[in-house]
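Got some structures for you, see below.
Next come two complexes, and both contain chain A; in the first it sits with chain B, in the second with chain C.
Showing the complex of A and B:
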């Protein structure tokens, strides 16, 4: 399977959850997305299904930025 | 008095709990006999660890057979249960540990039971709270224990609040008995009913309204975890085919989400005609969301009669008032610009959900009214605590056998408070045409997806993030026709900090609530003689348009668009 790109992830996030940030970059933090816990669960579930990976709570708790999220999705 | 443990010695045959974590994404069935056996063996193990009546047992286990066995095992010891919320995705572990440690310090448990999924962070929280020796991984004893007489408090229900000291509601055994009876009579819960729930067990509606109501009544329960519902909301809806679940409880969010994620083609393959009553509560019930779902799910046999809007709060164990369970919800339309505390509610129209188009804003869903025989007495009070005439907007106050015993933990300056045996809810509402209408929190907190957000916490965070003195900022929660919002009042000379404050509030509140920032000179943030912000006064001033010499930075971008 080809490597997950940042653009794919960003596009997928935009398409699924209401994000109030103009531009998503690898430096955008998860907190910047300003999603409540239900929407964060929704985003994680969507990304896991789209890219066919499973991220544990421990892995998620170490992710601060979208760049790190892409790394985590890629590393599996 | 009937107890939530009575069934343990005489579980009913042929019924039980269907858990969503079965093999291949299926259901795993545990009969009430099996559950009773596990629970009594856990009870014996807990007794061996010295657990007795009114000792606190904290439980941090995702919904599973083990989790249920531990909950009822602890109750079989007569102990007080407190359920630890799990971490949210992306929550830094240090933050989760600190919050859980604060809960553990308040709860002062004799045992903290966890399973491998949460053992790491909960262990670190217990160490941080100075309780390293109370951790226990559940291991049933060989022999079942015997039922012990209960203590006074059955449940410590923590309410949210991200900073400061967490606060728990003390729910007694008799509170639970009273509220379960009330719930079951209002929805006419019978032996043939089954309940389908995806609500978290650390939340009062999931724990009391779904789990305890089902288990104590010994009727079938289908139990999903919230993440399982998010992954596949159609799995929840599929449970309402005839012959399975008939009852449920959810917030408006569940229906908004189902419309968004379950295409009509998929819905058309489902049969929702078995849904007799889904209690809708936990946050402001959104008429437009319910209407959209009812239309969306019509091909699957759903009608608005399936909705039972209800009002409740943890301080009243759970439920305060239900709409009639066998008719489409009643609604009134109010003029939001004319709503004023202490004055008659400006009612513009009335109708039933499904019968009237909802293009115009301002529709509120009725929550019924408890009949005299239930012993739930509601009063609508003015600012001075005096009763207002029928139809006036005021604070909802309740007295009944479900009013909890009080709080455990630091005195929060919350507006929900116990005055004698009466609960002052901190929620505004009015009674119209025999129905209770709830306008929600005014001033000091918001309820978002069942989670309480205390604006006091927001004051602290905004001051930290902006460098403004804490004495010069005050956040005020608002309700408006489009939903909920926060107004931040700040005394400042410049506006450089406004984007930082807005960013922080958005992070704390999520994408939906409206955020308005009002900047003015010293004295804008009116305070009481003891230095507390007068939030309701600020709210009234903003609503009445009587603020002068201020800069108002409104919320321009709705969720989903770029700012």
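Showing the complex of A and C:
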């Protein structure tokens, strides 16, 4: 499977939360994107399902920014 | 037959918990892939229907549901952290659904239960049993991907949190729950993987 790109992740996030792709940068804080915790769960699990990746709670707790999330999705 | 202030609070609490369950499963319905989409979307519509059944029940008894701010699920997620992946979502659901069944079953044991309330719980229980069943089957399947041990550990973590939060809730709302029998509200664990069983034996 080819490596996950920032653009692919940004496109998927746009499908879950109301944000423009142009506004997303590797420095964007993930918590700021989701208005509530349920939306946050949807966003993070949706990405894992899309890219066939499994992230644990411990791994997620270390991720703050979009750049770090893309890195985690890529590392598997 | 009318409702006491406590009864109205309790039924409104059920309604609001069912709404939270529906909202959560709305999100799950959006991210789940493959054949499970059908069951999860069905589940989402069941929970929404349960909140409707409670609304109908309260209205039929001549009242309006009270707006409550925080549902059981919110406290629960605060305590155990957000489910990180599909398996954790299913594990949390397994534990919560068993709690719901156990609690509704206790409610059915109240002497001289209002027949409208009784009929509502009985209708809801039919769906809740199916929820526990398909989620348990899915967890068994996910054990192939996430590992039996990891699934068993996660279910255990949520079960412990659930017991603590439920006990806390019973204490906090002691007056509201005063009529409910206090024994037997915990449903037995239904995920008994060999890894967990082996771990248990070792510690003895």
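Everything below uses one rule, namely that the second predicted complex is superposed on the first by the 71 of 76 C-alpha atoms of A that agree within 3 Å, B and C clash if a C-alpha of one lies under 4 Å from a C-alpha of the other, contacts with A are read in each partner's own complex, and residues count from 1 in each chain.
Quick note on the criterion: contacts are C-beta pairs under 8 Å (C-beta built on N, C-alpha and C of every residue); 3 or more make two chains touch, one makes a residue touch a chain.
All of these numbers come straight from a predicted model, not from anything done at the bench.
Of the two partner chains placed around the shared chain by superposition, neither chain B nor chain C is touched by A:3. In the overlay built on the shared chain, the residue A:18 is in contact with chain B alone; chain C does not reach it.
In the superposition on chain A, A:41 contacts both chain B and chain C. Of the two partner chains placed by the overlay, only chain C lies in contact with A:54; chain B stays clear of it.
More residues of chain A are touched by B (comparison of chain B with chain C). Once chain A of one complex is fitted onto chain A of the other, the partner contacts of A:63 are limited to chain B, with no touch recorded for chain C.
Comparing which residues of chain A touch chain B with which touch chain C, the overlap comprises 37-42, 44-45, 49, 57, 60-61.
Contacts from chain B toward chain A in the complex involve residues 86-93, 96, 117, 120, 226-227, 230-231, 253, 257, 448-449, 451, 503, 506-507, 509-512, 557, 559-563. In the complex of the two chains, the chain C residues touching chain A come out as 23-24, 27-28, 30-33, 77, 81-89, 145-146. Taken in their complex, chain A has these residues touching chain C: 16, 37-42, 44-46, 48-49, 54-57, 59-61. On chain A, the positions that touch chain B within their shared complex are 18-23, 30-32, 34-45, 49, 57-58, 60-64.
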